[in-house]
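What follows is subunit A paired twice: with subunit B in the first complex and subunit C in the second.
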Partner chain A sequence: MEQVAIYAYQIGVSFSIFILISLGLAVIFGMMRVINLAQGEFLMLGAYACVLATQAGLSLWLSMFVAAAVVGLFGIVVERVIIRFLYGRIVDTLLATWGLSLFLVGGITTLFGPQSESVVNPLGNVTVGDIALSQYSLAMIAIAIALLIGTYCLWRFTRFGLIVRGTMQNPDMARGLGVNTDRVFMLTFGFGAALTGFAGAVLVPITGAAPPMGVFFIAKAFITVISGGHLPLIGTVSASAIFGAIDGFVAFVSSSVVGEMSVLFVAIILLRLLPMGITGHLRRGL
Partner chain B sequence: MAGRPLGLGPAASPPKWWWWLFVVLLGAGLLAMPSLVDISVQLDVSIMLILALLALSMSFLWGYVGILSFGQTAFFGLGGYTYAVLALNLGETTGSMLAALVLPMLFAAVLGYFMIYGRISDIYLSVMTLVVTLILEKGIRATSGDQFVIGTVRLNGQNGIPSVPSLQIPWGGGAELFIDGVFYLAAVLLILVYVGLRLLLLTHFGRVLVSIRENERRTELLGYDSRRYKLAAFVIAGAIAGLSGALYAVWGNFVAPEMFNLSQAAQVIIWVIVGGKSTLIGPIAGTALIQYLTTWLGTQGVGQVTLVLGVVLMVFVLVFNQGLLPTVGLILAGLRNRMRAGTGR
Partner chain C sequence: MTLNRRQFMRTASGALVYASAASVLRSAGLKGEEPIKVANVLDQTGGLNIYSLKQISGCAMGVEDLNKAGGLLGRPIELLFYDSQSNNQFNSQYATQAFVRGKAHVLQGGITSSSREVMRPIVRKFGGLFFYNSLYEGGVCDRRHVSTGMVPAQQLEALVPYVMGEHGGKRGYILAADYNYGHITAKWMQKIIRENGGEDLAVEFFPLDVTNFAPVISRIQAAKPDVVWSVLVGGAHMAFYRQYEATIGKKNLMLASTTYGVGREQTELSADEAEGILIGTSFVDDLPSPAAKSFVKKFQAWEGNSDYVGEYGEYGYRGIMLWAEAVRKAGSPEPDAVIAALDGVQYDGAGGLYTIDGKTNHTTMDIHVVRGNRTGSFDLIKSFGQRPPKDTQLVCDLDKNPDDTTQYEPEV
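Our next item is the complex of A and B:
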């Protein structure tokens, strides 16, 4: 029974990390088809914003929202300055955002130095039987699920969500119906960046904040969204579930590196079997 | 002819006499170099030549087949590690060098089979190759423990493998190549690969590759199995990158996980973009230029070279999309046309 609980806990934590790092990308890449290689650096910016906000005296929970706002605004600036010239030129977007990623890593290292910053974990442990589980990790699982449901509801039930989905599906038609698509693209990118920034802040108590941290997440985020296929939310959730289960299990019985390598291995096999991704055969959905 | 850069026509056309002259002059210049300059310059230029091979492997795939493979560093690192591990184990280097070609080719064949025969779209392929090289880097970094030994060689994780033997001259009774020897070897191999790729693109095989870049579906409808051709090109590029990695190990007597990492992969892209991917000579020039710039920035005490490289990459993508050499070629072609129009009147 305890064994089951431990595995469930490990897999849950893994799953929530996959969701957190790839949800923003699911919006930016899954919906907008913008390959944003600076995604990992958006996470890093969120982490740094959170560290600075807590150092200024805010509580960790408030700092997460500050991080989301800061990175969201930064995302809007990036969209205006770089991305909007590159819609439809998918390879160029990828290269330009890679340049942005190098620039951000270099810039943050210059500003804050190469050392890692950390935040005190505000929660203790909870014991189940005779094993201690970190309460923060449990909170992280809850936050990941809440973000997921929030994003789903935003796209599914609000007028803004409807306009965004319509614009992504057929920008010309949306423009013909009087939608300011330019602004919709800008706001959607900003929303994706904000989600990423929030995720970065959520991860801080576990990972800390350091300039090269983005690199650790970017690979996982992209294989999750790509394996998910063309329905960004459902795809990301199902891919996160599969990869989270594999990663959580293998990392627990072996080491975290073996966990990651097995995820990559499964992802490549999965793409060979389902080249369109997990949701490739589903016609409708989000 | 409008819009075609001067002197940089499509590579599928047979080279003119002046191209051969250019190759001969370049070769002669490179071979004369070691007797004219001192050792530190030879070292700097050798590494440029070696890395230019890596850039060539990428521009061949990207510029002529239309596959943007970020993960050329995966084959680069694999080639380096293969050479290092085998040469240290066997004490023999010619075979290790060959193995450093073969193993990346096999890896490229397996990886390419899953990606190309899975028909994942080009952009997914780019991201997957990037992911592969990052995971390989992590894997190598995790091998710092005592249990990670191949033969008698410890993989050493983060720290890399030091004191990799230099290349011995085959049938030379164990005589090793020195700095100028490595220089000659790199120069000759670079020119061979450059000329080889240029001529390869003239063959039937090369023309099919270019037509896949132009329109994959039409090529398939004409009866070519594009997957087979793409896979072959992927394997060739893997071999070139592996060669580059093995030479890198010979040059520095050292291999490290950094060979796989993101900034290494980014640099390859920057060389190719800056030089211009629509030519084969452009990336070579781009490599030389950016390597020089990086070294120069290092000596100037600008702390963050990545910061500058990032800006260079963004500017080139947004403004000089064609790359340096094609842009210059376009300007020259424009000038020539204007002059012709002037004399015609």
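Our next item is the complex of A and C:
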């Protein structure tokens, strides 16, 4: 029983990290087809926003929402200033967002210095048998699941979600029906950025905030979303579940190196067998 | 304000006169001698600059102190700084530039082992001299290369038996960064643990971008060691210290490290995360000696802040001062004369007495075992006087083989 709990914990932690780093990208790249190479830096901005908010006296939990708001607004600015001129021009978006990522790393280093910043972890640990588990990691799993459910409900059950899905599917038709698609694109990008900022804040007590932190996550995020296929939400969840289960299990029974290797190995096999991603054969869904 | 041509000429020529007058005065003070040139190649920008920024200041402060005291051999010293931008390609480019265009008498710098290995052949090609001021895995045997930092035998032969003896850390669990420094240091650690009658339960390596340490933290708890040894390196691995404290906690299971502190990690973690870790070092700011106290005070005044200085800042100053002593002894700044004079050169610095061992061009120094405290610094527990670089001495003899340039990997 204890063993089961520990395996579940390892897999849960791994799964929640995959979800946190790729959920925002699922919106920005999965739904909107914008290859945002600055996605890792959005995470980093969220982390810094969270550090500043806690230093200003807010609790960690409130700071996560502050981080989401700050990065969401920043995402809207980026969409207005850069991205909206580049929809459909994949190579140009790639270059522009890469430049943006370099600019953000340089800018944050200039403002806050190269050292990393911390937030004190407010929670302790729980013991299962004689193994201690971090309560914060358990909270992180819950947060990741809550974010998933929240996003699903927003897309599935609200009028806004319906309009967004319609616009992404066929912008001309949506425009013909009187939807201000320009605004929908802007808000969707902002929502993706806000999710990323929130995730960055959630990661701070575990990884800290430092200018180069985006680099540690960006490749994994893209691999997850691409393996997920064309249905951004279901695809990302199933890819995160597969990769999280493999990474959590293998890294625990063997080592972190083998864990990362097996994730990449499985991703390659998966894309060879299902070139359109896990959801490639599903016709409908989110 | 508008500026017409005449005003501009007047201002510009005034500035020119002023600038040349200052340089005339300065060189007049030192009898118009040709300057001795020191090149410093370090990462002022990029991901590795957490290790370099203080060392850049340490080196510049050393040169300034020498000039204030009248230069070396009656000649002023000119510092040529090059920013290698955390990219080995620039190490190679600027090392070449320092010798060809800069006519440097000595090259100081390089942080990572890879940057050192890029620059060493260049130093050889131009018949130069290279001071590498960094903690590294040991074994470089090259008369044009001088290591002023700690090597594993010095640090571990003090720290490991201490942790095993005084704290009962017989059964160790080793976590190391997955590149040559981590691998070689982990081997040394296993050897020393076994020699002292202990047991190494496991050695695990982590690529430099790993941030999720939950799996290994659970494995550690299942293995039930007496102490966890960290040879982790870089920004991503800082996550380990955070996650360790949130699960196991140093109160319940001792944590000791060879690398913690050199990147000034303790100033970036919370008090709980930093308190209690045991490390072996040749310099921390809170050494109680008057030399250490006055060095830290001088350094902070020089930089104009109250930052923690740390080991790498002190290494920068130490490298300049040891080289200066060798130049004085040789009576010439020419690399070959200085190399011939290196054996036995001493400098009494902030961390204790440093002596260059001419057989290996490595440095004998005091090693201090210290414990992290809650105020972003360390408390001294015990000092071990004058530890020689034994690991490199076992494999390297520059007296017998002056043309050797190998980096030996110690047989463990």
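We take it that the second predicted complex is superposed on the first by the 285 of 286 C-alpha atoms of A that agree within 3 Å, B and C clash if a C-alpha of one lies under 4 Å from a C-alpha of the other, contacts with A are read in each partner's own complex, and residues count from 1 in each chain.
Keep in mind that, in the parts below, contacts are C-beta pairs under 8 Å (C-beta built on N, C-alpha and C of every residue); 3 or more make two chains touch, one makes a residue touch a chain.
What you see is a predicted model; the values in this text were computed from it and never measured.
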Clash-or-fit label for the pair subunit B, subunit C on subunit A: clash
Which superposed partner A:R272 touches (first subunit B, second subunit C, both, neither): first
First (subunit B), second (subunit C), both or neither touched by A:G208: second
Touching partner for A:F103 - first (subunit B), second (subunit C), both, neither: first
Partner chain(s) touched by A:S255 [first = subunit B, second = subunit C, both, neither]: both
Contacts of A:I90 with subunit B and subunit C, given as first, second, both or neither: first
Subunit B versus subunit C as contact partner of A:I226, first or second or both or neither: first
Partner chain in contact with A:F243 - subunit B first, subunit C second, else both or neither: neither
Residue range of subunit B overlapping subunit C upon superposition on chain A, of 27-35, 153-161, 207-215 or 261-269: 153-161
Where subunit A meets both subunit C and subunit B, residue numbers: 109, 215, 255, 257, 260
Of all residues in subunit C, those that touch subunit A in their complex: 45, 47, 49-50, 53, 178, 204-207, 209-216, 218-219, 221-222, 235-236, 238-239, 242-243, 245-249, 252, 264, 267-270, 272-273
Subunit B to subunit A touching residues, read off their complex: 68, 111, 114-115, 117-120, 123-124, 126-128, 130-132, 134-135, 138-139, 141-142, 261-263, 266, 269, 273, 303-315, 317-318, 321
Touch list for subunit A against partner subunit B, complex: 35, 82, 85-86, 90-92, 94-96, 98-107, 109-110, 215, 218-219, 222-223, 226, 255, 257, 260-261, 264, 267-269, 271-273, 275
Residue ranges of subunit A in contact with subunit C within the complex: 6, 9-10, 13-14, 17, 109, 114-118, 120-121, 123-125, 130-137, 205-208, 210, 212-213, 215-216, 248, 251-252, 255-257, 259-260
